[in-house]
Amino acid sequence: SGGGTGGGATWAETTQIGGYGELHYNNLDGSGGASDKDELDFHRFVLFVNHQFSDNIRLFTELEIEHALAGEGQPGEVELEQAYVEMDLNDYHRAKAGVFLLPVGILNETHEPNTFYGVERNPIEKNIIPTTWWAAGAGLSGELGQGFSYDLGVHEGLRITDATSFAVRGGRQKSAEADASDLAYTGRLKYTGMPGLELATTLQHQTDITQGSVANAGSANLFEAHGIYSKGPFGLRALYARWDLDGSGPETVGADEQFGWYIEPSFRLNEKWGLFARYNEWDNRAGNSSQSEMTQVDVGVNFWPHPDVVLKADYQMQDNDNGQDQDGFNLGVGYQF
Amino acid sequence: SGGGTGGGATWAETTQIGGYGELHYNNLDGSGGASDKDELDFHRFVLFVNHQFSDNIRLFTELEIEHALAGEGQPGEVELEQAYVEMDLNDYHRAKAGVFLLPVGILNETHEPNTFYGVERNPIEKNIIPTTWWAAGAGLSGELGQGFSYDLGVHEGLRITDATSFAVRGGRQKSAEADASDLAYTGRLKYTGMPGLELATTLQHQTDITQGSVANAGSANLFEAHGIYSKGPFGLRALYARWDLDGSGPETVGADEQFGWYIEPSFRLNEKWGLFARYNEWDNRAGNSSQSEMTQVDVGVNFWPHPDVVLKADYQMQDNDNGQDQDGFNLGVGYQF
Amino acid sequence: SGGGTGGGATWAETTQIGGYGELHYNNLDGSGGASDKDELDFHRFVLFVNHQFSDNIRLFTELEIEHALAGEGQPGEVELEQAYVEMDLNDYHRAKAGVFLLPVGILNETHEPNTFYGVERNPIEKNIIPTTWWAAGAGLSGELGQGFSYDLGVHEGLRITDATSFAVRGGRQKSAEADASDLAYTGRLKYTGMPGLELATTLQHQTDITQGSVANAGSANLFEAHGIYSKGPFGLRALYARWDLDGSGPETVGADEQFGWYIEPSFRLNEKWGLFARYNEWDNRAGNSSQSEMTQVDVGVNFWPHPDVVLKADYQMQDNDNGQDQDGFNLGVGYQF
């Protein structure tokens, strides 16, 4: 059926629309066998529709168009990244059920382009934490006092295969007819008790990261920790994440250990301009001696003509163990509302 | 071009946004050759955008993301399920043109998850009435007095093939470059003249259910009738639907007759809790003696923390003629706003 | 993360939703080898979401569902057709960055169905100007005084191939992982200094219309000019557009010249009814003597029950050089809000 019409604008008091978007231009030169990249792409177009059922029950939803064009034979995708109902249990604790962003890392839950430096997201939170990472399930969140808060969740697991050497990013099921044979459990502890500081750590257990589809692989654990600090014009972000995969399958290709870390100092020149540098290191096959470690340095600038609008420029330099580097510059436009 | 900005919130007095959604968890054991099912799926995410052009002209639209993820190689779909303009002809009659939900059955026009029992929709209104069933065309609706109302429509027909044994569900063209060689006609009469009671019957004629694509098949007729009754905490829903397909093609495989019915008593414990049971029987190849009849019993519970939010749990038991049964439980979360 | 909830309807003072849509019914008879067409299709369903960041920074976005159904194996597409941030530089000039509609022709920027005659868009602005034509890039617009205004842009180019005989329409990259090796430049001058009159001309230079993918093709230039005039009940639209493609590849198949023009007189009977006729001529392989010129005459009527709602009917007659004609009638329903 559908909502009625009439009744004035009162619906807009409990239902809200928002969104964000980012256009990327990549101009990269490949060496050592890596490909060039010369591309304009509206990478992410997102709409939020949220609703307040009552003082203590609310809905959050997020719909995304990736790569501007979705359909048979097209590069893009339409993705439902959030759709969950949250209920307050009391003043300090709340429960949720539905599809939600997993509580891990810095960017996974807060990735509007005006909130971070760099045209592209950092490679650790792409390849080790497979951001944007959402799952269907249920969870608890709350305040523990003295600046500590927590999140707990049980949700669909990853489903990775040996065809992609057990790299975790390929395993996201995206709540779309997701195999729920083997669920996963996530817990996060966060401290925001000092002004300008956030410290957080996440642990996740996957009961079978292949959902029973690969005989010589099974459970896996993720550990992640990060810090965000800002003092006056200075900012600092640092993050470490590491996977341990059980089974001889991952071990054979060195994917039993997958890890990465980055550190990102930044400096705000004024209200509108900011500079950053970032050192990134990661390896999706760190369990053996193969030449698989990747290293990337980024330096760049953000310009905010309005706090919710950003223009970005950066330069990336890779120094990968396999010698296949992509170096060059990126430009971006982003907004949030 | 596009709408302008500025002008305050007055646009929200004539344009309205709403929606609904449902996440399903199925845990079914297959026997007799039927497959197991262990799945988490955000089955339906829907947004309504409606607009009031004037006192007597209005627009209804409904956009759905099925299975959370649409694109090349993905399980989901983006579907435009409603987009029609309705005009009042006088105080009692109105006309519409565009894409609309066909007036048949209980769930086809009203399927927000908080309005019905059971995680999954009943199998009759999936396999015999192919809910959600929409079509492009034109229609008339109105009041006849004494509790009677009517709906009439001419619209795109189904386009089924012998490859699926002429099962009707596969024939929905969904107003997407739909073959309009052979249109269909639908009429419904509804009675709501007594408090707590709804009785309705629909007749539909398909001029060629294959759109001329199968030589030994042709026209078809659908008959449907249902009743809804509620008195205090007691509720009852019952529905019968039957197709008759002409031609030797359907007859050969027994698809010349396709029918189903269910009865669903329910009991509301209080404002927040309700119980139900449902007996379902259906057969898409009832025209011959093949072992094709399906039988399913469902029992379960709805919990509404808010009238527009629902948590569901149910257990299903099948007893199919072919011996291939899927038994197990389902959990669901749903909302409407 | 996503927008919060609460805060009343104030968000709707800076964010606005709108849209348009059109359902088409085509009943065409093919002769000389052309196919018949008997189809119902919800061709375009569009939502606008715009936001005002401040008095001089704003966002325009447009999301479209083409052909009602998008996903693996389906005919439709989800397209992000606009998403750009515009900033006022002063009272007369403004800059933009993002994905925007190119400033060319009559329909490309203004194509809501209630604003033009004919169920289908005219074939010149489909086959020569590949409307709807959007691109990622940056631009400047402004007023020059005395009724003159201008638009300048640098943006992704087309990427056509010899597989489609270099016809321009197939080359739109739609800002989806678009090859940005060879950009394009567009400029428009428009005059609206007399009541009822619009004159405009656009020039575009493509630095390599194949993005380096075809050796014997390269740069290309588009010239377009049009006029719109209305006086009392009389209206007139006329448009001419022509491509010149460099290289022996296009020349060999006659695609080095691609052109078209139309003239469309119309008469408004009253507030609700209008009549039109249109003569169209175009050729995507005009550079040689092949029998490739197409000619189409349309006559029809628009009925507006409300200024933003339209019902259309027209009849089309083709007289193509190759003898393959599609003649017949079209019906349409459209709206804008």
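We just call them A, B and C in the order they show up, numbering each chain from 1.
Heads up, the rule we're going with is that contacts are C-beta pairs under 8 Å (C-beta built on N, C-alpha and C of every residue); 3 or more make two chains touch, one makes a residue touch a chain.
The structure presented is a predicted model; accordingly, all values stated were derived computationally and were not measured.
Undergrad: Examine where the copies chain B and chain C touch and state whether the two sides share over half of their residue numbers (same) or under half (different).
TA: Under half shared, hence different.
Undergrad: Quote the value, from 0 to 180 degrees and to the nearest 5, of the angle by which the CA atoms of chain A must be rotated to coincide with those of chain C.
TA: That rotation is 120 degrees, given to the nearest 5.
Undergrad: Between chain B and chain C, what is the gap in Å from one C-alpha centre to the other?
TA: The separation of the two C-alpha centroids amounts to 37 Å.
Undergrad: Two or more other chains touching the same residue: where does that happen in chain A?
TA: 9, 12, 14, 17, 51, 61, 70-72, 74-76, 78, in rising order.
Undergrad: Using the touch definition up top, name the residues of chain A that touch chain B in the complex.
TA: Residues 1-9, 11-12, 14-15, 17, 49, 51, 53-54, 57, 59, 61, 63, 66, 70-80, 83, 85, 87, 97-99, 136-137, 155-156, 173-181.
Undergrad: Going by the contact rule at the top, pick out the chain C residues touching chain B in the complex.
TA: Residue list for chain C touching chain B: 9-10, 12-14, 16-19, 21, 23, 25, 27, 38-42, 45, 47-48, 50-52, 58, 60-62, 65, 67-72, 74-76, 78, 82, 101, 109-112, 305-306, 308-309, 311, 333, 335, 337.
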